[in-house]
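Chain IDs A, B, C, D and E follow the sequence of writing; residue 1 opens each chain.
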Amino acid sequence: MPEAILSLSNVTKQFGALLASDNVSLDLLPGEIHALIGPNGAGKSTLIKQIAGEIKPDSGDIRFAGRDINDLSAVERSRMGLARTFQVSSLMPEFSVLQNVVLAQQSVSGKIFRFFKPVLSDASLLEPAMAQLERVGLADRAHMRAADISHGERRQLEMAVALALKPRAFLLDEPMAGMGPEGSKRLTGFLDGLRAEAPILLVEHDMDAVFALADRISVLVYGRVIATGTVDDIRGNEDVKRAYLGEEA
Amino acid sequence: MSMNRETILNIVLAALLIAVPVIAQIMGEPFIITLATKVAILGMAGVGLNIALGYGGLVSFGHAAFFGIGGYAAGILASHALNYEPIMEAPFEINGTTQMIVIWIVALIASALVALLIGAITLRTSGVYFIMITLAFAQMIYYFAISWPAYGGEDGLSIYVRNSFPGLNTLDPISFFALCAAMLGIAIAFSAVLIRSRFGLALHGARQNSQRMMAIGIAPFRVRLVAFVISAMITAWAGALYADLNRFVSPSMLSWHMSGEIMVFVILGGVGRLFGPVAGAALYILLEHLLGGMFEYWQLPLGILLLVVVLFARGGLIGLLAGERKHA
Amino acid sequence: EPVKVGMITTLSGGGAGLGIDARDGFMLAVKQANNPDLTVVIEDDQQKPDIAVQLADKMIQSEKVDVLTGIIWSNLAMAVVPSAVAQDKFYLSVNAAPSQLAGKGCNKNYFSVSYQNDNLHEAAGGYATSAGYEKTFVMAPNYPAGKDSINGFKRFYLGDVSGEVYTKLGQTDYAAEIAQIRASGADSVFFFLPGGMGIAFMKQYAQSGVDIPLIGPAFSLDQGILGAIGDAAIGIKNTANWSKDIDNDTNKAFVETFQAEYGRLPSIYASYGFDTANLLLSAMGKADVKDADAFRDALRAADFNSVRGKFIFGPNQHPIQDIYVREVVKEGDVLTNKIIGTALIDHADAYASECAM
Amino acid sequence: MSALLEVSGITAFYGASQALFGVDLIVNEGEAVALMGRNGMGKTTTIKTICRMMSHRDGEVRFADTDLAKLPSHKAARLGIGLVPEGRRCFARLSVMENLMAAARAGEWDFDRVADLFPRLAERRDQKAMTLSGGEQQMLAIGRALMTNPRLLILDEATEGLAPVVRQEIWAAINRLKQSGLSILVVDKSLKELSGVADRYVVVEKGVTAWTGAVGDLSDELADRYLGV
Amino acid sequence: MFSLFLEQLLNGLQSGVMLFLMASGLTLVFGVMGLINLAHGSLYMVGAFACAAVAAWTGSFWLGLVASLMAAALAGALVEMLVIRRLYKRDHLDQVLATFALILIFSEGTRWIFGSFPLFLNVPEALSGTVTIPGGSQYPIFRLAIIVAGLIVAAGLFALIGKTRLGTRIRAGEADREMIAALGINIDRLYTVVFALGAALAGLAGAFVGTTQSVQVGMGEPVLILAFVVIVIGGIGSIKGALIGSLLVGFTDTMGRFLLPIGFEAFFDPASATAIGSALASMLIYIVMALVLFLRPSGLFGTEA
């Protein structure tokens, strides 16, 4: 078995009386899509936030790319190659769609404190940014304000920004949400290919997509991983059916 | 590349700002030159604030602190030089100076240091908290200046002769105007380049969404801090010129009224617009000057006019004349 | 020989009352003289030093005035006067007269018609001594004029200072200071709190039930604000170089005509404005303003009828004058001041010796 | 059947850019209509004009025999339009209970009934909305709209981000609401579930109503053309 | 010394409550409606002038108090309908400029109507005089009355915002105006009412505090800054925060003015000690504010923005 790029061991997080993460251990292997599913409020987004460094776990360890990242800030983790999308789109509303991606591109290039050279005629940023928009099918919206594109389009833009970061692992929090039927279908195909670029930790409620994509699935209920396994394992798991899937299995 | 309306408007404004004093000079109206100089200087203070406020979304209600620091740099250095008293004697002697260039450098360094300190503390907060905590720091400096007797306290400090600049008779109004206008030009050019740069993009981003900034690996705090310091330095530079314009500094340069006034220039002209602060300062000073002599209750029509501008000219004067801003 | 006067004074905001009084007093004299050679331009300084400086520039450069006047506040005077007189303009002060301009920084073109800032405080010190007070609590805002005030008081006060407090400029609540006064065991309180600060203090002092006598310079108990303090002011002693009951014809006529013209009693600032205009008019009658030396001599002679009675300038061109003690009384419905004695006679200021002129 | 909501030929603009070019749509009393189309085709914009969050330019919006053109948003709501907006828009600093009560109007829907529908909300009644999970917020948004006791319930992507079991519950709930006689206009991406609830489909494409018909009439070919499935 | 200390503590409390009275209306408008209203101080001034004018005319402070409430509420409602309403959707900065313009209009308008000289306003007969407090000092009844009034206002606001449907709607509107309107609430009218209420509170404070201060043009400005300081220390949108913030500022300011000069006497000669001590005292509340915000960037009781 190859070494995991990202691994969590015994991560615990409590909000008041609520255990949002209860001794969670899971890992992400190179080249895989690891789906994280579970009821609403189970603690999936909370887990993503802890991996991304936006909130600190109460206890437990997170390792990324062979390194203990417990003490790194969100910024440092992002620079190490962890890219995340947000469940509720979080973009630069006044920027154009393209500028949103350019900013990410610029961050990857590492040169922020440059005060003189104009940025928006800098082909070394614009071209790759445009390429990412094309990949997610948003090229024709490149010059609209991010605030003015539709909900589904914003979800696509979230994806493009994550792509621009050229990460070593993706943390995708419900990328299918808000996508129409067509969008979901296309995104499924897209993610399928993306795993070759970097492994994906995929939080998703769209079971068609999860079952089509996941190499492994972990099920989180009340902050605890109650099952990890292949698609077939999970489909057949009675606990998971009851807690989460219902008739969808 | 075709010019958009704002660019044309900016050129017209710049031309006006230069033409008016030149005509005044020919007509022998030196006071109009003084007014134009005041517009240039206060506009420049606004250009500084605009970097923090307009581009960075950092609504600093304490920029008078930097304006005043610039002013006091000029006042203190000049008064020591004029009185032949060294500023300090041990461990080594530092003397005052009446050279503007030296004064400016001191103003820039002093304001940068203070801004770094204030920024490091205040930038932890945001929104209205930021507005108020910047005010708090400015008030501390203000009360300090009022009660500190060494440099005149509330009475302020006179510079009997305007400081000098190589090759220029600064006492001549039109020469001093030219100097101030040139500095304003530098400040505007710098901020124009700045906002189009990588840093400018990051600053814009930091204003809109810090969560997203962190997620793409840029620490918004650092971006904001650098912007805050740059902004403070330009405002301080303007403060040094203002001291020379009046040949006088006093704590009123540090008061919250001053902060408010600089902010009003920026908003009135158009937040985040290159020439906004200059347009705002020009309109405000023109109104103040025209109305001031006309009517005992002149601030009433001034208030009404300002109100009309906010209500009906979105994006300030520049917005009114050049249309809403396009995203770059 | 026409003379153009530029008056820079405070006509808007909270401090406007003082400027308006000074202006009205000045303009009353101008009107009475009806001298077609005298023109006056008036501008509002908004109580901001930088605006005052710019207005001075305007008056000198564009209006080409010969004489400047009108400034109420010391900090504005410090901003304007040195450069105005350096440009060979005459400056006649209707109120503010900071020590710098009386001592080392005195200038042949600068005349203070009102006083030197310390005068009334010194007189208060003199009065406190002569009234037999031995433990006085002193209080002023924490800024140069406040410190000058307390120094001035102490200069002529021979008793002990039982407490010394500097308040915040613009402070409106004095409960903490009043508690300290109550606890200090003082037999008298000297306070210098101009404008709204003084009104707030005296109202709160009266409400607090503390009954240690108050002494202050006229500023806090002047006609313009007595009405706002109300009965709380009655009985408070204050020192002034003018009062509406100074017994001379000029003063009587001034009080009457002022009241007729503006519908209110004149304040001390109005009296300074009135005297300033009359001083100027007297000089105009004697010399041409373009002949600066002659005009200056004419001003120095001070050959006019002052509402204060006699009027002479000292060597630093600040008045040498009597300073009275007044008491606030009620005349009918109106609160006003009545002279009850003279604190200092032919008093000059403490800085004249430093003036090399 | 009489038309409760009648949208005919409306156009709408965001500033200078046109988003709707002629949308027609009818919801009859007691009927459930699904509004469909790809991303960015104008579904949400149509809903915003119905709720008067933005105004249309040409065409007409009638609800319960009233022309909505000049009505402010709150008056339209009081006529009986209940909105579950895209993106939930719960009042972040208010508790669950406060969110529900803020705009409640008397009628058969009250807290108890909403709590029956979504027991999870009752469990979290004093928690601030901003700390709810995405799914909990979605339930809250639906409950909040129901508390206004509307005649027409509009759901814009109301099952987005919900766990399959919950989604099934919500669809079941929507079904029950429909059975109880409530009229419904729904936008959702799941054709399968829509087909179980809706009586009719309205498909918009590029801001124009491109197709209207009974649920059974949407052929695979049409579905592929308009929805990409 | 002990009785002085006690009296100063009471002064701190009283000054805190007085601050709360001044800040309460601002909290409502600023915290709850999310509107930066620099003209709040002007409404305070309107209240004080209305009270002074009516009290002088009728001879009754209490009629003046009613007048102050009505005048300020009316001014507030007008301002909301004519100006503020157009600004909710705008940037905070437009609100700053507009309300700055309103300050000029109110100040000069007031000066035009009432002249440039301060007005008379005194404590009503019923509340004048002093009581003896433990330790033997006299304490003005009126100051105790201010404490009571402040606490009543605090309780009332607390109930209004926290416990009533109106309060819920106001807070909902702050979060998302468009949404609350889409749910059937007439948010425009609601906001007019809230703004008028905030203005009335400002007017009430102006009338009350005006009795112990100078009723003059510009009296609102220092108050405005202080009120902002208080709200920010307490945390925006929190009535409890405003109350605690007021008390903190009141105590800090009073005790600082009292104790700092004394404390410095241990290190300096008395004259410098008073000078340095009082210089520091005038900066003290700002130092406290900076400290609080350094430790808690959204105030003591604020929620993360």
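Quick note on the criterion: a contact is a pair of C-beta atoms (placed from the backbone, for glycine too) under 8 Å apart; a residue touches a chain by one contact, two chains touch by 3 or more.
This structure is a prediction, so every number in the text was calculated from the model and none was measured.
> Which neighbours does chain D have in common with chain E?
none
> What chains do chain B and chain C have as common neighbours?
A chain counts here if it touches both chain B and chain C, which gives E.
> Quick check: more C-beta contact pairs at C-E or at A-D?
If we tally the contacting C-beta pairs, C-E comes out ahead.
> Considering only mean CA positions as chain centres, point out the chain farthest from chain E.
A
> Which integer distance in Å separates the CA centroid of chain A from that of chain D?
Going by mean C-alpha positions, chain A sits 29 Å from chain D.
> CA centre of chain B versus CA centre of chain D: separation in Å?
For chain B versus chain D, the centre distance works out to 51 Å.
> Provide the C-alpha centroid distance between chain A and chain E, rounded to the nearest whole angstrom.
Each chain's C-alpha centroid was found; their separation is 48 Å.
> When the C-alpha atoms of chain B and chain E are each averaged to a single point, how far apart are the two points in Å?
About 31 Å separates the centre of chain B from that of chain E.
> On chain B, where are the residues touching two or more other chains?
Residue numbers touching two or more other chains: 143, 146-147, 297-299.
> Can you give me every chain pair that touches, using the contact definition above?
A-B, A-D, B-C, B-E, C-E, D-E
> In their complex, what parts of chain B are in touch with chain E?
Residues 53, 59, 121-122, 124-129, 131-133, 135-137, 139-140, 143-144, 146-148, 256, 260, 263-264, 267-268, 271, 297-300, 302-307, 309-311, 314.
> Flag every residue of chain E that touches chain D in the complex, lowest number first.
So the residues of chain E touching chain D come out as 165, 168-169, 171-172, 174-176, 178-188, 237, 303.
> Which of the residues in chain A come into contact with chain B in the complex?
Per the touch definition, chain A meets chain B at residues 52, 54, 73-76, 78-79, 83-84, 86, 90-96, 99, 102-104, 106-108, 111-120, 122, 145, 161, 165.
> If we count contacts the way the header does, which residues on chain E are in touch with chain B in the complex?
30, 36, 83, 86-87, 90-94, 96-98, 100-105, 107-109, 111-112, 225, 228-229, 232, 236, 275, 278-279, 282-283, 286-287, 289-290, 293-294, 297-299, 302, 305
> Under the definition above, what is the set of chain B residues touching chain C in their complex?
On the chain B side, the touching residues are 29-32, 34-35, 38, 143, 146-147, 149, 152-156, 158, 160, 173, 242, 246-248, 250, 252-253, 257, 292-293, 296-299.
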